[in-house]
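Once you scroll down, you'll see the structures, which are given as structure tokens.
You will see two complexes here that share chain A, one where it goes with chain B and one where it goes with chain C.
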Partner chain A sequence: MGKIEIDPLRWKEEVLKKYPKKVAKKRDKGILVHDGEMPKQIMANVRSIPGIITARGCTYAGCKGVVLGPTRDIINLVHGPIGCSFYAWLTRRNQTLPPTPESENFMNYCFSTDMQDSNIVFGGELKLKQAVREVFEIFKPKSIGIFSTCPVGLIGDDVHAVAREMKEELGINIFGFSCEGYKGVSQSAGHHIANNTLMKHVIGRNDTAPEGKYKINMLGEYNIGGDAFELERIFEKCGLTLVSSFSGNSTIEQFERAHTADLNVIMCHRSINYVAEMMETKFGIPWFKVNFIGADASAKSLRRIAEYFEDAELMARVEEVIAEEMAIVKEAIETVYPRTTGKVAMLFVGGSRAHHYQELFSELGMSTLSAGYEFGHRDDYEGRRVIPTIQVDADSRNIEVLTIEADETRYRPRKTDEEIAALNAKGCGFGEYDGMMADMAKGALIIDDISHYEMEKLIEIYHPDIFCAGIKEKYCVQKMGIPLKQLHSYDYGGPYAGFEGAVNFYNDIDMMINTSIWKMIKAPWQVEPVIEAEYGV
Partner chain B sequence: MDIAVKEGPESFSSLRNACKLCSPLGASVVFKGIEGCIPMIHGSQGCATYIRRYLISHYKEPVDIASSNFSEETTIFGGHKNFNNGLDNIIKQYHPGVIGISSACLSETIGEDINMLIKEYEASNKDTDLPVLIHASTPGYQGTHIDGFHDTVTASVAVLAEENQSGTHINIFPGFVSPEDIRHLKDILDSFGFDYVLFPDYSDSLDNPNWSEYHLIPPGGTPVADLRRTGSASASIEFGYVLNEGTTNSRIKKNKQSFTAAKWLEKNRNVSANRLGLPIGIRETDRFFELLKKLSGKETDRKYTMERGRLIDSYVDGHKYLFGKRAIVYGDEDLVIGTVLFLLEIGIEPVLIASGGVGESLKPILDRLTEGKTKDIPVMNNMDFESINEKSDALKPDILIGSSKGYYVARRLGIPIVRTGFPVHDRFGAQRLQHVGYKGTQQLFDRIVNALIEHKQEDSAVGYKYM
Partner chain C sequence: MLLRHTTDKIIEREALTINPAKTCQPVGAMYAALGIHGCLPHSHGSQGCCSYHRSALTRHYKEPVMAATSSFTEGTSVFGGQANLLQAIETIFTVYNPDVIAVHTTCLSETIGDDVNQICQKARTEGYVPEGKFVIHCNTPSYVGSHVTGYANMVTSMVKHFATVSTTPKNQINLVAGWCEPSDMREMKRISTQMGIKTVMFPDTSDVLDTPLTGKHEFYPSGGVTIPELVSTGDSKFTLALGSYSSEDAATLLETKCKVKFSVLDLPIGLQATDKYVMALSRASKMPVPDSITADRGRLVDMIADMHQYLYNKRVALFGDPDTLVPLTEFLLSMDMKPVYIVSGTPGKKFETAMTNLLLKKVPEAKFKNGQRADMFLLHQWIKQEPVDLLIGNSYGKYIARDENIPLVRVGFPILDRIGHSHFPIVGYQGGMGLIIKILNAILDKEDRECAEEKVELTM
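Entry: the complex of A and B
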């Protein structure tokens, strides 16, 4: 089946026609056709429209589920009615590996104050205090996080006051999160609230640095499908010491000494870039963006890390590792490539994944015709240069802006300005991120917070060979005869990061695209050519 | 009973690993069972997203649920603008026949009057052909998903059931069963030649075949015209004894009584209500068939007497694997009751009967239905999995029967789990699991026997292939 050339501007026009005027006006700014030049302004991180079915989650989901979810030695107590805690119970498939079977691991639990009618009317603080005492009594954790759900903010329960009081009473670190579901545009607000809280209450509490010559933190890696395990394997092979990972396979203890690392590398720009900035100001740790999705991208990222430490031994070791790993990658790609090359992908996921995974597809010889984020901001599309021009709206004002100053005793610049400049000249790219659009081809459709309806229209007109999104979209898309790769949970596969991950991804995509089942399904346009006639140019 | 386990999680103020979900989830399932319906949750968008994710993972089908996407501003000034926008946009995109609106914690806490919002919306659009708007009040802090389910069944019927001269058709409200269960029930009703309204019927909409053309709203569901007919039926059948007792029970003002659909129709439309347990096992299924015989004046089709005969035959054949085995049963109250009655028939001893439900009559109902056989067995509502887990060692169970969320308990104990009800997120084909009728019981029976055989086989040092 040949691809039909359809002007993406025409597609956009047709889609917008279906919306009421005001909605069309708003969606118009969230859908762009990339002209291959300097990225144009996209409307992102704005409220989804009521009744337009979005894939976005809530602030609570981003805070409890995404950021603190993968940390195994903290008790995450959800203050609210039961649903919120239940739905976030091990649903993200972030993995963890406690060093021994006896080591603390509370990730399998779902703790809730299970608010009832009477708590809504008379207040839930007493119940919350009692719940904190109970979990402490039973599990003796090192720390407890208290998460607010929608009604908590409304009835005025003060989780922070309860946290302070309980911290005093029980003598462990207890802190609250004002992450009520309605607070932000998407889960992105929750990431921010979570990370701010870690910055305020956790990072910097323990000055014992782990052993190791090249110490780094990995920021914005959540160990979905074991991605962090693969990266840990590679780092160890290279001789790098991972002080902490935010927050895949993490512990509170690691967070507490994160400031002892000498470099922060960022995977998911969206969920955590501000922490890297704050840590640079407070502790003097430089940061740059990396990407370990894609074998070539992984090699490039490793080289930049080695470059940073300016150590010939490390550079040599990294080259050895890359050579060794790439031999296996090359073998895998040679088998798969003839079956995947020329195919078309679409990606609508995350705040960074829709960008990162384009690397893997291009290694497979596949192009990305359309992409967009679920909860990205303008800088994730257009690059960090636009940050000063992003308008602050009511929703972003909901998120506390921390005033960070250099720590009196812990601030230690790792590099001089001259060294930074020299490394930048070599391509280290400190504090830089050019965003997704810079890497996309001319004519690509960039769609922020794609609605269900737009997704259906995209598939109907462009017939991609694979569509990447999440479980909520999976069965819709597959009913249309197109394979959908879940890039939130990896379809329960993975890891896809690093070198072994790349090989897994090649094989999984080959399997999905070329499986015999699609031959049994006639896609709607194979039955009814009407739409092509309508749109054909 | 050697173990006296008295205290439930009520001795804790918090829940550890809950054994219940929230009421808007139940509401969404019911709305998926109305033909041409798009559900909308009036509240924060996260509720719709989480519930969609949970339902989709279970049914492996598209589940579109809209939200009115409250912002902080909305929570302060009220959701009326969002409500209207939401409806406008759903209508424009989906052209639904029905929009099913459930509330969430947020809209309930700020005291949104959704019925008034509906009236205002209808008044300001009186010149347009609007979809039917149904509202169910489902605050997440009252009752559980099951209460939300039954309350929504009642709300839908109450909005639509017309007062008319009594017809010959019957209503059937089967409760939260699987799509395959619904298909089986429809076969049974067809075999008696009934004209019936089954509600909610998500047997297609949550388990559709592959399509040759894409449907914005999946086909299937109880037609609105049928829901209107519920008011003129000759009788209603509803499955369940506890039903939505949790809603009334968890309210501060307990005087505000909740009705089930059948009871509402009996009171307001004079349609006689017949309450039966979920037809699991011989006895409860017999009672169902007896009622159908009585209502239709016809005999049971040979197909079903044969199914019944085969089921009893298999009870005999399988008893050597089952007799005296000890089971922990948990889940929605009425499914738990049905399962326990069935287990007692086949000689499995329930050693702990637990539900996250917040009704109070689980124990008295079970004691009555079993004529006291469950008197000394711990029966607990408002339970969580960690409490089950803690009690499980002393109870020495051989098998767990319930949703997939109990898996970790079974894993720790090294015993098999047979998955029933909702959610089943770690096995394939949850939408096709059967529980009801002779045939559904047969499937459940075979699964239990095979789980125990498999466990014995894997545990054996010899590796018998002949069990």
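Entry: the complex of A and C
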């Protein structure tokens, strides 16, 4: 094919030529070619260039849409003009399964104060208070979250004061999020704000531990397409007790007792690592990074969890489960592999998916030629070891960093330092994440916050067999004759996590790469010699 | 139940909106701007706005929706968005080379008081706008009106920026398209062509949001009203504004600016609204109505007459935008259906007046409401109080439809879970037939699925 032979450095040079000088200078630092050795420094989590056409969203989207969106027993009241709440209404397809037909589930509803110009001029606090009263009167929830949108911060409405007052008045848990869209440079700031608020107002409120021998929390899993259901199935089969999940298929009740778990495992490092770190300091719960995207990765993650509990019975059970599940996975991959091997993928999405999904592609025998995050930070690319060297700029400085101390009564180190060291020696990797680049091949193009122009140029030059991004990119790429797999919504498929998820993914990628229609784009008269007009005059 | 907490007990609300039947202004401005050929819409605000609007439009059309953003940060919000917008204009013209950048504001840039007019002027005088290229703008504060208002504001700004009177009048009619689908715009143009009338339609999203798959992404697809066409609207003989909420302001400005007379019609949805459209076209152009159109009309009348027994007295709940709901209600009434509940989040007295005129005599028990808190939660509560046979609205209606087991016909914005709206019109006589087919299929599919076995009918 020869299509991959164009030197990526030359590609980069050509692309940068198109930009105004200042823009080119900035983009230069966000695009690099991996040399296969130690990850080089990339510029990430910095402002997008106005007008460049970025895929990024805003802080509100990261806070309300991503982290709090999948929790069913809280009323998420958006304080702002109607749009912010409207666009976050069911669009992320977080699935949820209330245990009974009567159980609370507010996720299919959209709540807003629908601010009008008079509220902008005279302030919106009175309307907000009234809306809180009304939502309580109608729905009788146990918790209400109030989300700030851009104008709220600007006109000085104090959602936290309103939350405190209403909490007092109504006697339920009410808390505010200062997640105005303009804060930070992407959704990422919103994740952090959501983490902080959960820590301050929710986690640790209920000391009743659920029954179970091996209690864990799953962090950074949002139950898109039922991923959480698949993981719940696997955990249950292994005998693990899931105390809470942040936040796929979750409830506030579960968050409130999350501190009773003995281990935090992190899927999406970017969106939730703050909670893991804070819980370790406050409650003594260690955390490590796992990856349940990919069958092998899932098996590895399960083994590490079993290792942590140092229990022979659990280890044996986990091995049984893996053997059983892998038999089905193996059968699926054998059918698909001959049709997918050797193909090329590109992934530009999220803050962890562009890394995790490379696992699944490699199981399919496919290589990742280029990848990047939409809102990742340097540590998501280069590994957490670089965190102390990351410069805190003005856009990050305005996101609160909580000072957390050990809880007087609830702090209970789950392992001694010696035990941690011993488990680390066995590969548990507490508090570690090596980032995306460590897993990528030499010559791979790493592009942070890819612009539309860069995306088109990648496709034009390298013709990947599949491109992974989001809805805004989907149809542009497909017009070019290349299938685009949405890794936010999974194109309404999934689950893709765990073992059954891996099988779904193999089949879906096989389906997409081998779609018949891609070969029929040209009409016969566009490829065959022109037919002479016989009836023409 | 999906909406398990909704009951028939209505508690008066003064501040809370639940399940809105509207969204905010900027998405309308973005959609309208896509109806200009070679135009890149630009959102002057936080990144999220642009991202959300592009996502909503993309999900609705299953097509590329290109737009850029000023990417406000906290600093921008404090110091103003001028530097960001100027940089955006430079970057856009350098990298994406559109003919026009259509800037709309957001609640953020409006609240901090950015003077977008002045910034665009600065961009022109300081050389950010290349020769022969344009930057136009409109104000779309999200806390006023609805997405329909934003659409109307962008359409009005097209007139403001481009319409010009020259020395040579043109034998053409302006069609200001109210918010409808590319398929509807294509059909309205087809009807005027069938009558032999030269028209300029703006905006025109046909061949922009319904493009063929060719192996190449056309950043600026072939469709859209061109700048010379927009300029020429000042020389047209007459203007038809189709849908008062979304097109009347533009037509009014065009008259003030260029003395082009206009009349305001409903979008031609259904028999009577299409009649009025055809008559207005004929009057404005002094062209007779061809037999082929009369035959089209006759086929629609024939279908209604033949199918009347399945439609008669069926209770319908509707939600959406006034410009669609008004002629749609009229159409349902012409088939002796009963539109009993109607809500629209879009404010304005005209809706109430139009609905009162339509419903007062024929369906005196009808409940309708628009503006703040005229939302789908209220509509659902009305349905809980007394059920309906059919629900018409956007995809969010499926949650009510499933809980209450009501057939749903998807009309409006956004339609996220079905296709066809961008390809097959609901306007014109043929569009009316398409709509009847959808309604009948929805009602009869349910009947066939649920009626007693001995009652299953082979024939209608």
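Quick notes on this one:
Here is the rule we use: the second predicted complex is superposed on the first by the 518 of 537 C-alpha atoms of A that agree within 3 Å, B and C clash if a C-alpha of one lies under 4 Å from a C-alpha of the other, contacts with A are read in each partner's own complex, and residues count from 1 in each chain.
One rule holds in what follows: contacts are C-beta pairs under 8 Å (C-beta built on N, C-alpha and C of every residue); 3 or more make two chains touch, one makes a residue touch a chain.
Model, not experiment: these values are computed from the prediction.
Of the two partner chains, neither chain B nor chain C is touched by A:G350.
Touch criterion met: A:Y453 reaches chain B and chain C at once. When the shared chain is aligned, chain C comes close enough to touch A:F106, but chain B does not. When both complexes are overlaid on chain A, the residue A:G220 reaches neither chain B nor chain C.
Contact with neither chain B nor chain C is seen for A:G501 once the two complexes are overlaid on the shared chain. Comparing the two interfaces of chain A, the one with chain B and the one with chain C have residues 18-20, 23, 47-61, 77, 80-89, 91, 108-117, 119-120, 127, 130-131, 134-135, 149-151, 153-155, 181-183, 394-395, 398, 452-453, 456, 470-472, 474-476, 479-480, 521-522 in common. Only residues 18-20, 23, 47-61, 77, 80-89, 91, 108-121, 127, 130-131, 134-135, 149-151, 153-155, 181-183, 394-395, 398, 452-453, 456, 460, 470-472, 474-476, 479-480, 521-522, 524, 527-528 of chain A touch chain B when the two sit together in their complex. Listed in rising order, the residues of chain C touching chain A in the complex are 1-5, 11, 13-20, 22-27, 42, 45-49, 51-56, 58-59, 62-77, 84-85, 87-92, 94-96, 106-108, 111-112, 141-144, 146-147, 211, 213-218, 345, 372-373, 377, 396, 399. Within the complex, the chain B residues that touch chain A are 12-18, 20-22, 24-25, 40, 43-54, 56-57, 60-75, 82-83, 85-90, 92-93, 104-106, 109-110, 139-142, 144, 208, 210-214, 216, 250-252, 386, 405, 408. On the chain A side of its complex with chain C, the touching residues are 18-20, 23, 47-61, 77, 80-91, 101-102, 104-106, 108-117, 119-120, 127-131, 134-135, 137-139, 149-151, 153-155, 181-186, 394-395, 398, 451-453, 456, 470-472, 474-481, 521-522.
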